[in-house]
Structures are given as C-alpha cells and as structure tokens.
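Heads up, there are several structures right after this.
Both of the next two complexes hold subunit A, though its partner changes from subunit B to subunit C.
== the complex of A and B ==
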C-alpha cells in the first residue's frame, strides 16, 4: 500500500517529535563529550548528526509524501521479498554471535552510541511506512518495541562491565565489584535511590498512560474469529513454535520444561566462579546457553510472532500489507512417508481390518520405526555418548543424575532449532506421527 | 520551622516515630531498625551492591509495579462488573465517560511493564551469577514469581471482554486441551477409558478445568476474575515476602564473595 496523505498527517506529529528527541539526545551527548570529556572530534560528529535529525524533524512535520523521510520503496520491496523465517532466524543468530565474538569492539561507548542512533534512525524511517506503522503502533505491541531497546541497552551495560572485569581477571586484578567493597548506610544511600526510582517509574507510567490509550476492540463475539488470532504478546514465542510442533509439545511440554529448566539451573551450574559480579570468560558455557535460550528461542520468536506473522499465521515482511489472501505452499511430509515411500519405495504398513489390538500396535511401531529409532538414539544414546566425549569434564564434576538432567534439558531445548532446520531443508512435518493416539512429534 | 518542631515534639508524632529525624549516624541506624517498612533493609550495605549500573533497580521496580497494579486494580474493581452484561460496557465507560478512567491505562501498561521488568531482573541476576550458592532456592522462588506474573497478566487480559480479550485467551487456553493424557486432544488420552467410556472429554479435560466451560464464556470470565483479583495476587504476595526475606537470609544483596 502507498503511504496515503491521511496516514502521513496522523504520523507526522509523532515523527517530528521523535526526530527532535533524537536530535536533543545527540545534542546533549555532544555537549557532555565536549565539556566533560574533551573529545571535540566526537562532539562534532554528534552535533552534525543532531542537526541532520532536526532537518528530518522539520521534513517529517511537513506531512507531505515527497518530503517525509522514508526508506525508498525499492529498498522496502527488496526487504519484503527476501525476508522469511529462515533469513530472519539465521540472520538474528549471526548478528548476535557476531556481537558476542567482537564484544570488546561493540561495548565501546561511541560504537554503542552509533548503533543506538542507527537503530533509532531505521525505526523512524520505517515508521513512515503505513504497513510497518500499523503493526508497530498497535497499543499492545508498543511494549515490545520498548523491550527491544531496553534489552539492547542493558545487554550493553552488562557486557561492558563484563569486558572490564574479564580483562582485570586476566591480568590478575580483582573485579571492579570486589575492589569497591566500601559499606554505606542504607539511609540515606539506598532509600533515596529507591524513592527516586519510584518517582521516575510513576512519571514514566503516567506519561505512557496519557499518550497511549489502552486498546478496546469490538465486544467479544465467539462466532467472529479474527485472523490472525494471537495470544498475549509474551506468549507469542510459544505460538510461533506451533509452526514446528503440535500443541502438546509447543504449548504444554516445552513451556513446562522452560520453567523446570530455569528452576534446575542453579543446581546444574557447578561453576563456582562468576558469583556476584559481571563476567563472561569465567562462565562461557552457562552464559551462551542462557543467551541462546533467552534471545533466540524466546525474544526473537516473540518479535517474529508479533510483527511478522499475519493472517493464517503466514510470514509477512516488515513493510508488507497483511492480506488474508496470501497463499503459501504446504508441501510438508512426515518421516514415515519419506522412509517407506521415498527410501524403500513401499506403501506404509497397515494393519488388516479387524486385526487384534496387539497386531495394530505392532504395525504402528513398524510404521514409525525410523522416527522412533532416531528419537531413541537422540534421547537415550546421545547423553552417555556426550558424557564420554564433549562433556567428559562436566560428567566427572556433575555426577550421574545432575549430568543426565542437564544433558536431557539441553537436548530437549535443541529440538526446536533442529526441527526448524529440518523443516526448512527437508519440508519435514513430523518425525513420529501416530494419529491413533494423537501423538505427533 | 517552629511548627515543624512542635509537631515533632508532640506525643502523637513520638508515638509513631520512635526516634528523632535520621540526620546523624545513630538515628540513621535506628530508623532502619524501628520502621516497619524499612526493616526489610539491612542497616548498612555494600556501596557497589546498590550501584544502579550493577542492579539496574529492576527487582525494586517490579515490586513497585506490583504495588501500582494492586492499588489501581482495587480502584478498578469498585467500578468493573465481571458479567457478560456489564464487563465490556464498564470498560467502554472507563474509556469514554468515567473520571479517572486513566486508571485502566495505568493498570494495563503497568502490567506490561511488570512482565518486562521481571525478565530484566532475571536477566541481571543471571548475568551477575547471583543465582549461585547460597541463593539457589531464592532463584527457584523467583521463577515461580515469573510464572505468577505471566498468569496475572494472562487472566487480566480476558476482563475487558472485547475481541482482543476472548480470542487471545481462546488461543492461549486451547493449548490446555493438548495436555498429554489430560487434554481431550492430547496424546494418550484415548488410553484413559473405563469400560469403553472415555474419561477425558471436552467437558472433563484440562481446558475445561481452566475455563469452567467448553469455550471461553461467562464461567471463564468469573473464574479468571477471581484468579486475577484474589487467588494469584495472594500467592504472589506470599512468595514476594519469602523472596525478600531470603535475600536478607541468603547473604544480602549479591556481590563478590
């Protein structure tokens, strides 16, 4: 859809204020760099950027289709054409891994500030697109935008402290937290901080409540199903998993395992280091496992499920119109079909009509033998195999029970990315499919 | 100044506050020990442990948001009636005609913010390794509190009784009917029969227990209202008390050993 005049008039005021805010932010940063830090070069850079943002603000306020700053239509079309679940997931993974590996570079204040500005600029340019804005500006989706920026900020804050600590540990120095072991009285130091936090949060919440009305749609009707029908935003990662698994696994077993796994974590992490201070080097395995689960299997799936899944849960690019008529080819096959039909070139085993329960059960087991063998190997053989190879040190330190719980939780967590990859590469729907007892995996 | 002095020397003031103003070291210690609301805190604390860059203040903000939700929630309960006849109309009136209808905005955005701050608090606790001994069990309580926070938000989502509400709850609660053995579309439920009669039907399965009906209807609204306003907040308040108490008992605010 083209950006209509009405839409631009609605969004112009917001965009003008938004760019003015970014300009102000950079102006203040430039002032601090110049007066407090004496970094005149950087101060100049952000002054120029700030002026550019003021220009964008005035252009946005014009509300004219020619002047409002936006991404070129060709760029938006290209992004729409090439975006899809595969590129989105792998791209996020590559991006986060890159930032992790080169974290010493990315935590530098000027690099982080440039990245923040790039994020804000991209966000502003995208908001001039009607399709993008209509999804992002849905009242209940606004918190997720806030979450993304807050996660970026706090991850930067934590990583920059971890980088400093890791460097100090490598040089045999105590961590920053350990070095400052001065004690202060709770009154006034802590109670005043708490008071200021409460006032700040109250002010923030009031401004949010005044600016953004809570959503209220048509009265509930059990006969009018909206398309798409979505769960509350914090559960959309789980809803996205339904693409790859049946509800019993994606909606019941996996969430229960997430809760159980989180609870088990302190009892599985035998590493005594890294207690009470920021560090990455001292606990790389637990750090990477947590970040993988939190960022890739929770946050990015929520973003995907909220902003990029439209009618019929089809994937839509960020600037694409959510048409209910988009058709996606469904050519997924089950492993038994691949095994019996594709590999052995035989029909699926089928019990004769009127066969006894035992014969029927045996036939089902025969039909599903490939999937059962794979899952058996994955969950039964792999843990001991890993105990004598990659996790040999872990096994020795953890003992049998703790190791088995850890290994199984890891393997079950990895079922999601593995199933994603199998779907993308082989169009695999189910590894095991026993509709007789509603068991599809 | 004189009035302030008179007030502070009055019998009423002295009966409430058992100490002079906390302006010197002695009284700053005494205030922490004698004030009910402050006694959650220790008297002195590691400066590093309360640095904003270290704690992000996210646990405190989450608790403050819980208090905001409690206060705004109680005020909204005076107005809102959880019946098919009135639920939607009451919310509509809160939006269009009622003074202080902004309480609903505060309540809804506060709820979203509380989910986010809970996640950020857990993220910080993980990144500083503060779940490690001796704080393992407090982390477990924290995970239960995370679950309760999500359930509070989920049950509250239904109450406006608009399209957004019932379909979000329908999608969410449909998962329960796929519960292994206990949901009527779940794997293995076919095996639970007595004399050829199914034990697990759409009127006896896990989703029915959650909704109080075969679909999201009046029974569900009542059930979610009670869970949202009474059952889950009480459980949360109890666990919060234990959570805070254990912060003190498990070695205070986290820091290097």
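== the complex of A and C ==
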C-alpha cells in the first residue's frame, strides 16, 4: 500500500503500453476497413479513436496525477455506493438478457468492435484507480480478466454465426455450415494446427509464469484463515453458492447435479434441430437454459467472487478499498423463526428436556412444517403442475421419465437464484433448518 | 520337405479311396486306383453309409496287425488311415498329382462297400486287431490334420481333437510302435480306453484351467491380503505413538484475567479457542468457544469494533456468545469444556465440545459462572 503518486508511477508504464496497444489495434482495424470498399466511414472512426488512444497513452506515461486519464472521483464514488450483490446479479442478468434480445444488433462487427473498445477504455480508465488496479492486476486475478474478454469474444463469435443461420433458415436457405461443408484432413491439417497451438500455448504459459509469479504465502495453519479466503478462481462460483446454502447442498449436491445434468442433456434433448450448425431460434429453450446456468450461475459468480468479494466475504464496490472492518448488517433468520415468531407470534416448538427421540423428531417436524411444506410443494407439486401448464408440449414430447428428470434438474438449478433473492429480500437464511442433524436447506 | 506340406482334402480323400480300392481289387495298380474328386463322391457315400446296414453279409477278412503290413501287402485287409496318408504323402513327394491321374478302374469300387465296411466289424469283435477304421470323411480329415501337424503329435495331441468323433481315441503307446504318427482307430475295447482317455483328457484340459485359475486365485488372495494389511496399517496410522499436538487440557490462568465483556484471542494460534467472559441468556459466564465456523470450518476472526466473530470464507457472523446471526452458518459456535482447576486456574478441555442446538450449553461443564 503506497501513496497515490507512487502508485501512478508504478502503473503509468503499463497504462501507456495498454493505451498504445489499443491504439495500434484500432489502427490495424482502420487499415483493414480502408482497404475494403464501402467501409471508409468506419475506417475514419477507428482512426480517430486510435489517435485519441495515442493521446491517452502519452498522458498516462506522464505519470502525473493531474494528467493520467481516470474516471472522475464522483463517478467512482457513485459506482461504489450503488453496487451490491443484488444490483450486480440483477444488472448482469438484465445486461445479458438485453444483449440476447437485441442480438441482431450486437453481433454486427462494428458494434462488437465498439463494445470491445468501450470495455478496454473503461478498464484502462479504472486501472488508474489504486483499489481497482490492486485487485485486477493481482497475479491470481489476471486469468479472470482474460476470461471476461475471451468469453465475450467466443460468445459473440457463436452468436453471430447463429444469427446468420437463423436469418438464412427464415429465408429458406441452407445454413452456412451446410453450404461450406468443405472437408479438411485430420492429417496434416488438424494435427499441424494442434501442434502449432500446443507450442504457442506452452510458450505463452511459460512467459506468463515468469512474468506473473504465483504468490507464495505463509505455511498453512488450521487456526489461521487468510482474510479474504478464496477458492481457486474456477471454484469461486461454488464459494458464492455456499454463501446461500449449507455445504452439503452447495458443495456436494449442486455440483454433482451440474455434472449429472450436463451428462443427461443429450438424453433429455428431443429437439433434432441445430445439429451441426449454430442456431438460436431453433433451440431457444436449450440455449437460454444453458446460457442462464453457465453465464448467470457460474461465470458472473466467478467474477463476483474474484473482484467484488473482499475481506470477510463482504461485497466491495470495484473502486472500494478492501478493509476487513467494513460493517455490513446481515441479520439473517431461518424460516421457522419467521413462521412461528413472525407469523404466529409464538415461540418455536421445543421438545422438553429429556424427551424421547420420537418426541424430539416430532417436535422438529412441527417446527419445520412450513419449510417442509414449501419444499415439498416446490419439488413434488410443481413438476406436474408445469407439465399441464407451461411445459405441456414438452411433456407430450418427452414422456414421463424424461420430463420429470428435466423438470427436477431445472427446479434444483433454480433453487440458487431463488435462494439468493430470498436472502436479499427477506434476509432468509434457511428454508428448512435442522441443525441437530446438520440438515439445512 | 514334402512331408511337412499339408495335404489338401482332395488328396486325402483320393488316397483313402485308392487304398480302399486296393483292398477290394488287389490287381489295381496304385496309380490307376487314384480317383478324381468328382468320382470320389459316390464312392465315398457308398463306402461310408452301409457300415451298420448289413453286418451279416460280410465275408470276414483276416485282420492285418499293423498298418505297415497293410502297406506292404496291398491284397490284405483295408489299411488304416495312417497308411493311406503316408501313401498319399509319398505320392505327393514323388510329384504325382492325384487329380491328374486317370482312373479307369475306379468303378470297380462301387460294388465293394458293403463287404469292406462290414469287414471291420468282426475284427473289432475278435479284439486285438486294429484295422477297424472309420471311413467317413470327418475321421479321415481329422487323422490327416493330426498327422499333418509337425512335431510330436502322439498322445498329447489326442485330447485336442474335436469332440465330434467320440469313438476315436488314442491308442496306448505300446500298441503303436510301428506307425510314427497317431492313428485314429476304433479302440478294441471301447469302454475302458474311452473312459481312460476321458479322464486323461480332463486332466490335461483342466491343467491350464487349474494353473490359470490358481494363478488368479493366488493373485486375488495376495491382493486381498495386501489390502487387508494395508487397511490395518492405515488403521494403525490413526493411532500414532506420539501426538505432536498440544494436549487437549490446558490452563489459561485465573478468572481475574478475563474481565467482563472480554474476548481473549491469544489462545487461538496455539489451541484454537476463544476464552470469553460474556453474557449468555442473562447470565454472566466464562466460556471457551471453538474457533471453527459451523458452516464450512474456516477460522473466523474476532472483530472488536463490531463485537462479533466474522468468518472470512462465506461471511458468517456470530455474536460474542457464539450464536450465529448472519451469513450461512446454520448453528452457533461450539464450546469446549471449562472448569476451575484445583489451583484455581481455569482449565479448558478440548476433548469435549458442547453444541447449543442440542441443548448442551446448559451443561455446567460448558461454562463457569462469574
């Protein structure tokens, strides 16, 4: 931790190179567009942007607090004030849904390029903030930055092909994949490509490992937990799930269900379309369900866990200092307390001391009756109810067993967002809370 | 080496028939009696079928004791299969192609079969004679295959024959000194040798099974023994001779060291315990809280400013009395047993824990009233 002036000196070189890279990228893009006919306007736009980036690069290299381009302090403070797990999750959901609905607009190359530039510019401006930079530039977290950009790119790539195909299918044309079904040979085409990729990736990883060494910490101790204590980046989604659930569910059942559900997918899928080509229109349900589970319930949780969860697993805004003394009031209560204390205004049923096991079990069941009823209705009543309402067509096509598997997998997947919302809105900790046998849900 | 060459079926059959022909028509020359394959078919059918049809019509033929004798004296009884084969090989070695030879005298065979085939019967009945040879294609081929195999094929080879010819069996070794190869003959006394050969065959066939089976059995026995010993060793590993950990009972000083409202954190690093002088349900107590979060087992930290224990892993929070109030922790922190030792110091026993949700905090061992 050092003063702002020193920090800017440290980061100035990086930021200068960063902006220069963005400028070069846009310059190349402008050159390519200039050579194409009819894209002169865009070529000019990116040339101007490239020049602006060069200006920012020189400003950043000055390393003076007045000149280094950064977000205004008021903007940062506003972002910090309003960011929280609720806004973050709902915001990403809205953003992704918006991008999905208007995908025909967002997959246009120039729009995508503009979005990429906006992301890079925003990141560069934020990097001048010490709190942001200290988190984002941590060697542990660099892969997540790469993950954000790479996921954005590959999603754009697949979506743009799907949009083209959907358009062609709507016009009665064959798909792009069917039209250019030129075959290439495994040997040498594929194997050579793989070899080159292998060499390139190995070289990249070597350089990465040399430039950004993994942090070496003190020896592990069972009585000392680092604060914040974070899982490896690919498990941060799990760790975020654990905030809302008991370990047996979020750590064992849900991950197993993810694997089981992914394996079950080919058997549950009755839609023969979309085989061998990209398409969204022809498999909207599958696409949306998968992307919901993947983006909302895994990727955004990884990003949340990496960048926005600080000491004591508190939520911190992107420009907030990670203090372990941040006070966040989270008075969580279990459903039985709400039901008996809040609704019926009675104390929780409690077995008298020295009661037999049967009486104790009965008391526990009575105490948890509300949660048990809710969970029973959710998992037992809802699938048949959905079969005769929203999933009527699905049920007819899939048959009983496949439909039940699909419906239950979906309902169990939805327990996570539902539980998150319940936590935020009602401060609910557990719907069923039987700590006596470590069974909480 | 012509002997090593495998004979074709046509050659074998031709040789068999030619010797048959010799048996019936001794005047026929060996070359002339070779039959072409197309001629062989009716002859073969005729010679094979009527074996049991007319036993009485047979004119008893003196049985020849050895195949060698049959070869040397073509006018005698039918030669054995071995002889036929030997003859065929000799012919092949000398460059004669059986199929190429003309066979004007083949037709002479046609009336013969009844007599020839039945001729073997009395020989069997009298015993001692070993010319009772089956004449069907299968046995001829089997014998030929056995003989065509290079290397010693006498006894050991017999059990490997297809089971389709049950009457065929190996002759005892002393009986067949003269022929170099195994001869598939009808045994003189079918019952006893058959039994003997059956047991012998089972033993031999079973040898590999037993050898292999015992190898498997030994392997699995060794595996299970090793596994058992390994498990026992593991179990032993759970009870080490020396425990390199602090004793479960330790003293933390006198009561005065814990003023009201204080959370003593200096025993966390060594013992994993907070000693708290706090208020629980209106009663001022000194108790020892276990520093393990009840959610997933991280070590919470005591935040003096907020007067709470806060877990860094998933944000669970506990009041000073250890009761969970925020985050995912489903139950309060656990207490260790605490008592006033004889010297007046407080002694904490980590071997005993008390859980609030089980009503164990009411146990007087879990606290000291101030």
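Going forward, the second predicted complex is superposed on the first by the 401 of 441 C-alpha atoms of A that agree within 3 Å, B and C clash if a C-alpha of one lies under 4 Å from a C-alpha of the other, contacts with A are read in each partner's own complex, and residues count from 1 in each chain.
Basically, contacts are C-beta pairs under 8 Å (C-beta built on N, C-alpha and C of every residue); 3 or more make two chains touch, one makes a residue touch a chain.
No experiment lies behind these values; they were computed from the predicted model shown.
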First, second, both or neither for A:239, with subunit B first and subunit C second: both
First, second, both or neither for A:209, with subunit B first and subunit C second: first
Partner chain in contact with A:436 - subunit B first, subunit C second, else both or neither: both
Touched partner set for A:358, first subunit B, second subunit C, both or neither: neither
Comparison of subunit B and subunit C by subunit A residues contacted: B
Which of subunit B and subunit C A:401 touches, first, second, both or neither: neither
Touching partner for A:170 - first (subunit B), second (subunit C), both, neither: neither
Which superposed partner A:226 touches (first subunit B, second subunit C, both, neither): both
Which superposed partner A:267 touches (first subunit B, second subunit C, both, neither): first
Contacts on subunit A seen with subunit B and repeated with subunit C across the two complexes: 221-222, 224-226, 229, 239, 246-247, 251, 436, 438, 440
Residues of subunit C that touch subunit A when the two form their complex: 268-270, 272, 291, 294-296, 298-301, 303, 305-306, 310-315, 317, 325-328, 330-331, 357-359, 362
Residues of subunit A touching subunit C in the complex: 221-229, 239, 242-247, 251, 311-314, 324-325, 327, 329-332, 353, 429-430, 433, 435-436, 438, 440
Subunit B residues touching subunit A - in the complex, by the definition given at the top: 22, 25, 28-29, 31-32, 38, 41-48, 50, 52-54, 56-57, 60-61, 64-65, 68, 88, 91-92, 95, 102, 104-106, 108-110, 112-113, 115-116, 119-120, 123-124, 126-133, 135-136, 139-140, 143-144, 146-147, 150, 153-154, 157, 160-168, 170-172, 174-180, 183, 185-191, 215-217, 254-257
Contact set on subunit A toward subunit B in their complex: 140, 143, 146-147, 150-151, 154, 157-158, 161-162, 174-178, 180-191, 193-194, 197-198, 201-202, 205-206, 208-210, 212-222, 224-226, 229-232, 234-235, 238-239, 246-248, 250-253, 259, 262-263, 265-267, 269, 271-279, 283, 287, 290, 294, 434, 436-440
